[in-house]
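Listed next: structures, encoded as structure tokens.
First subunit A sits with subunit B, and in the next complex the same chain sits with subunit C.
Moving on to the complex of A and B:
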């Protein structure tokens, strides 16, 4: 079943390339949608079954020599999330990019195949192959709007930084292979277990992690993300923000857990993840608050949330990981809906600039107004919905996490609400035209061939589905229970190795964290929402002063690819120092 | 950032990583050791499958899923390039025709001689990929190279007439789809293995090899066609 879940979208993509020229658009749309739905069902079933024990398949039945696929609830759940988001994105993009023909569909299906493979594989080199597949396709999808000069720039920055990260990852895999003679994660983990972590092991870990952290947009390797999101079509942003970034986090935690946890102590990596995660959350929040370009605003909110996820999940405890898993699901739906509404604004007004759109969004009568504000509220962590549950469960990991989470939620959620209130209801002071050094979201070309007279029902349905999914993640006790089990299994290294290598039946985890709403959780969630409303009100009153990034931080985010490369190296070096200083 | 600041940030980071890499390389096992757990298992498995070229056995049998992924990276890159290089609404064919230009006789002669030879070499690499060094990826590139000798000998028009692009898209899509179909069945090498070093040996390895060869060749043709079209026949307004 696991190889089929990976190969099915790839097969459909290749077939669509062969016959796409002769297919009517509607048929191509439906085929892509159906395939994504089939993958969602398949991976969803795998995820549910895996709560009773991992599913292990050796590709080509080549046990110990070949590639092992291991599905546990979190991995298969992420694959399922990717497939669900692809469904919504395909439904949303029925009228999109018509001149690109079925090539858009082919790329989306290959993207899905790459994400599924990445989430389900248990082999490090195989993971790298699917990592590259995700990248190669995502660069092209980002640059899809060829009539915009900026889209080439954004896709270029994305491709250069991610490719550099990928080279570092490949170097790390080579070091690991030279040391252990293995490419499979469980095999390499067994070979390393119990040995002292010397420079070779540390270097292998740091380099392998580098590319994954770049994909996860961890500061200071995050710069590409805002540039890519600013230019990518809205349905592509849904996938990039909703699941690709989170897959980077998943990859780095998985690689540590299976390969390196036997030799590099958890405390050492936790320190690194907390430092980098908090830095990312801080940079993302500050930049988010100061954006007037709506898509950049959402992109920085993704970066801030990614940092929060890394700091919480990096603690290496089952509770926070379960919270992050739920948070990722909730965040994906809410953020996807927000990007979708931005796409609608772009189509109608040729702009995603908050100042230009002041009061032009259409008011209370407009469904997208409700969608935008509701998604913004969800993102702040409003109980009892998905993003909120994720945050409060994750917060139980450390005493400082509630404070950090509260700040991130209030600032980023406040910025989203502020933008929504200003654009749709015309609240707050008018913003003057942007200064030359500010990012500006106006004067853009729409993503649909012709301006749509009314918002098509398919688009609204896709956005409503995303929002409903995000909300439901918080009020489905079964899902919370599975997330708890999945998190416990994610950390059960011995059981993973045993199941992957010997094909034995899995044990249910010994202790499963309690995942659900508590009184203090509800209060924290309400507090975060109140904080976000306060931030939004302050920013609306402040007018222009409310939307300016801190100067020094802005000067780093100017889109100069040389700067980004320099910070990539500095970031990887920081990780090396954080990990290596206490080991070598 | 100023140039100075950028260089300082990069230099510091790169220096730390260089030191780490040097330490790591110093700690590697020495060359020529006898600890090769993966080699031992892979060579034994390749011989068991009657595949003379162990590399082909690794890429198309033991680790076929990697190759499926790589094949898809190729497909995705080609489709991505096609989508990004699609003519903008404001681009139209050149007024002055640059497509037929005078050829130099020597170049044309060499190309005519080498065209069939190159194609033959490409097919040879495909068919014997499981026996000798070579295989689908290399053979496909050689095939595409051979075809583009037409461009050198007869010019762009000759190439365009003998290269119905839609066919190549079909070939690329269908061969890749066939590989992916094998992927849905977990890429099991189910055919009889035959005797090692025979043309008909190694089970599915030669079939997958040939599929990849056609996909790579067709992909390279489609890819180059986009660049040639952009460079030779289109002009923008701006």
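Moving on to the complex of A and C:
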């Protein structure tokens, strides 16, 4: 079953590339949608079955020298999330990018194949290959609108920074291979277990983690994300923001847990993740609040959430990881719907600039108004829905987490609500034209071939599905139970190694965290929503002052590729100091 | 000698990165990225190399205990080259489009994304 979930989208993509030119658009749409749905069902079944024990497949049955695929509930769950998001994105893009023909479908299917492979593989080099596949396809998807000045520049920055990160990961894999002679994660984990963490091991870990953290947009390696998200077509943003960034986080945690947990103590990495996670959350929130380019605003909100996820999951306890898993699912749906509405605005008004769109969104009668505001409220952590449950459960990990989470939710949620209220209902003061040092979101060409007279039903259905999924993640006790089991299994290193290497049956985890709403959780969620409403009101009253981010911070985000490379290496050095200082 | 190879690998990665930081042309950035990546080839090959050992090609008569260079890292380097070719092609295509739309390739003058 596992190889099929990876091979199906890849083969279908290749086939579509060969025959796509002769297919009518409707047929290509349906085929891509069907394949994505099949992968979603397949990985969903795998995820459910894996709650009773991991599913292990050795490619070509070459145990233990071949390539191993290991599906546990969180890995397969992420693959399922990627497939579901791809379904929604394909449904949304029925009338999209028509001049790109079937190339768009092909790229989306290859992207899905890369993401599934990345989530399910148990082999480090295999992970790198899927990482690069995912990356290369994402660069192409980001730069699809090759006539747009911003689009090609954003794709270029994205490609250079992510490729550089990937090469660092490869260098790390090479060092690990030099030390252990293994490329499989479980084999390398066994070979390293109990050995002192010397300079080679630390360097290997830092380099492997660096590339994955670049993908996860962790500060100071986050600059590419805002550029890429601001210019990518809306359905691509759904996938980039909803699942690709989170896959980077998953990769970091997975590699540490399986390969390095036996030599580098959890306390050391926890310190690094918490420091970097909080920095990311801070930078993301501050930049988010001051954006008037709607897609950039959402991008910085993703960065802030990513930081929060890293800080919580990095604690290495089952409760927070279960919370993060639910939070990722909820965030993906809500953020996807928000990007989708931005795509509709771009189609109709040729602009995603908050000031230009003031009151032009269409008012209460417009379904996209409701969708945007509802998604904004979900993102703030409103009980009893998905993003809220995720945050509340994750917050139980440490005493400072509720405060941080409250701040991030209020600021980023408030910014989204402010933008929605201003654009759709015309609330708040009018904004003057943007200053020359801000990204201008107006005067963009739409992503659809010709302006759509009315919003097509397929687009609205896709957005409604995304929202419904995000909301349902919080009110489905079964899902919460699976997330709890999945988190416990994610941390059960011994069981992973035994199951992967010997093919033994999996043991159920000894302790499974309780995942669900509590009274204090509901109160915290309501508090975050109230905070977001307050922030939105303040920013609407403040007018122009409400959408200007702190100057020194803004001057770092200039879209300059050389700066980004320098910051990437600064990030690697920081990580090396954080990990190495207490070990060597 | 092995230390020298590792040193060269590290130097290539850093030199490539330095070139990207100081670059005034996006085609130059792309080439610098390839230079940085060459560091990973050298690193991989250095890890699997053995002095005086032949390539891992066995025939029915060859001794079983024959020391050979590690073919795993060589195939990793090969995969890496394929990846690099794809990414370089894509980056150069993007650079052409950037020149068409912005009329410049100087990163200091690209102004469409900021803040």
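Keep this in mind: the second predicted complex is superposed on the first by the 584 of 584 C-alpha atoms of A that agree within 3 Å, B and C clash if a C-alpha of one lies under 4 Å from a C-alpha of the other, contacts with A are read in each partner's own complex, and residues count from 1 in each chain.
Simple rule for what comes next: a contact is a pair of C-beta atoms (placed from the backbone, for glycine too) under 8 Å apart; a residue touches a chain by one contact, two chains touch by 3 or more.
Please read these numbers as outputs of a predicted model, since none were measured by experiment.
Student: Give one of first, second, both or neither to describe whether A:178 is in contact with subunit B, with subunit C, with both, or with none.
Tutor: both
Student: Counting only touches as set out at the top, which of subunit B and subunit C does A:438 meet: first, second, both, neither?
Tutor: Second partner only, subunit C.
Student: I'd like to know which partner A:570 touches here: subunit B for first, subunit C for second, both or neither.
Tutor: Once the two structures are laid over each other on A, A:570 reaches subunit B alone.
Student: Could you say whether A:130 touches subunit B, subunit C, both of them, or neither, answering first, second, both or neither?
Tutor: first
Student: By the touch definition at the top of the document, which applies to A:580: first (subunit B), second (subunit C), both, or neither?
Tutor: In the superposition, A:580 touches subunit B alone.
Student: Just checking: does A:231 make contact with subunit B only, subunit C only, both, or neither of them? Give me first, second, both or neither.
Tutor: After superposing on A, A:231 lies in contact with subunit C but is clear of subunit B.
Student: Is A:562 in contact with subunit B, with subunit C, with both, or with neither (first, second, both, neither)?
Tutor: So A:562 meets both subunit B and subunit C here.
Student: Counting residues of subunit A touched by each partner, does subunit B or subunit C come out ahead?
Tutor: Of subunit B and subunit C, B contacts more residues of subunit A.
Student: Kindly classify A:59 by the partners it touches after superposition: subunit B alone (first), subunit C alone (second), both, or neither?
Tutor: Once the two structures are laid over each other on A, A:59 reaches subunit B alone.
Student: With both complexes superposed on chain A, which partner does A:114 reach: first (subunit B), second (subunit C), both or neither?
Tutor: first
Student: Show which residues of subunit A both subunit B and subunit C reach, each in its own complex.
Tutor: Looking at subunit A, the two contact sets intersect at 125, 129, 132, 136, 139-140, 143, 146-147, 155, 171, 175, 177-178, 183, 560, 562-563, 565-566, 569.
Student: Would you mind writing out the residues of subunit B in touch with subunit A in their complex?
Tutor: Interface residues on the subunit B side: 1, 6-7, 9-10, 12-17, 20-21, 23-29, 35-39, 41-42, 45, 61-66, 68-70, 72-73, 75-77, 79-84, 86, 88-89, 166, 169-170, 172-174, 176-177, 179-181, 183-189.
Student: Contact residues on subunit A for subunit B in the complex?
Tutor: 3-4, 6-8, 10-11, 13-21, 57, 59-62, 64-67, 69, 99-100, 103-104, 106-107, 110, 113-114, 117, 121, 125-126, 129-130, 132-133, 136-137, 139-141, 143-144, 146-147, 155, 171, 175, 177-179, 181-183, 191, 198-200, 202-204, 206, 555-556, 560, 562-563, 565-574, 576-577, 580, 584
Student: Can you tell me which positions in subunit A touch subunit C when the two form their complex?
Tutor: Listed in rising order, the residues of subunit A that touch subunit C are 125, 129, 132, 136, 139-140, 143, 146-150, 152-157, 159-160, 163-164, 166-168, 170-171, 173-175, 177-178, 183, 226-227, 230-231, 290-291, 296, 437-439, 549, 554, 557-563, 565-566, 569.
Student: Could you pull out which subunit C residues touch subunit A in their complex?
Tutor: It is residues 9, 13, 17, 20-23, 26, 29-30, 33, 36-37, 39-40, 43-44, 47, 72-73, 76, 79-80, 83, 86-87, 90-91, 94-95, 97-98, 101-102, 107-108, 110-115 of subunit C that touch subunit A.
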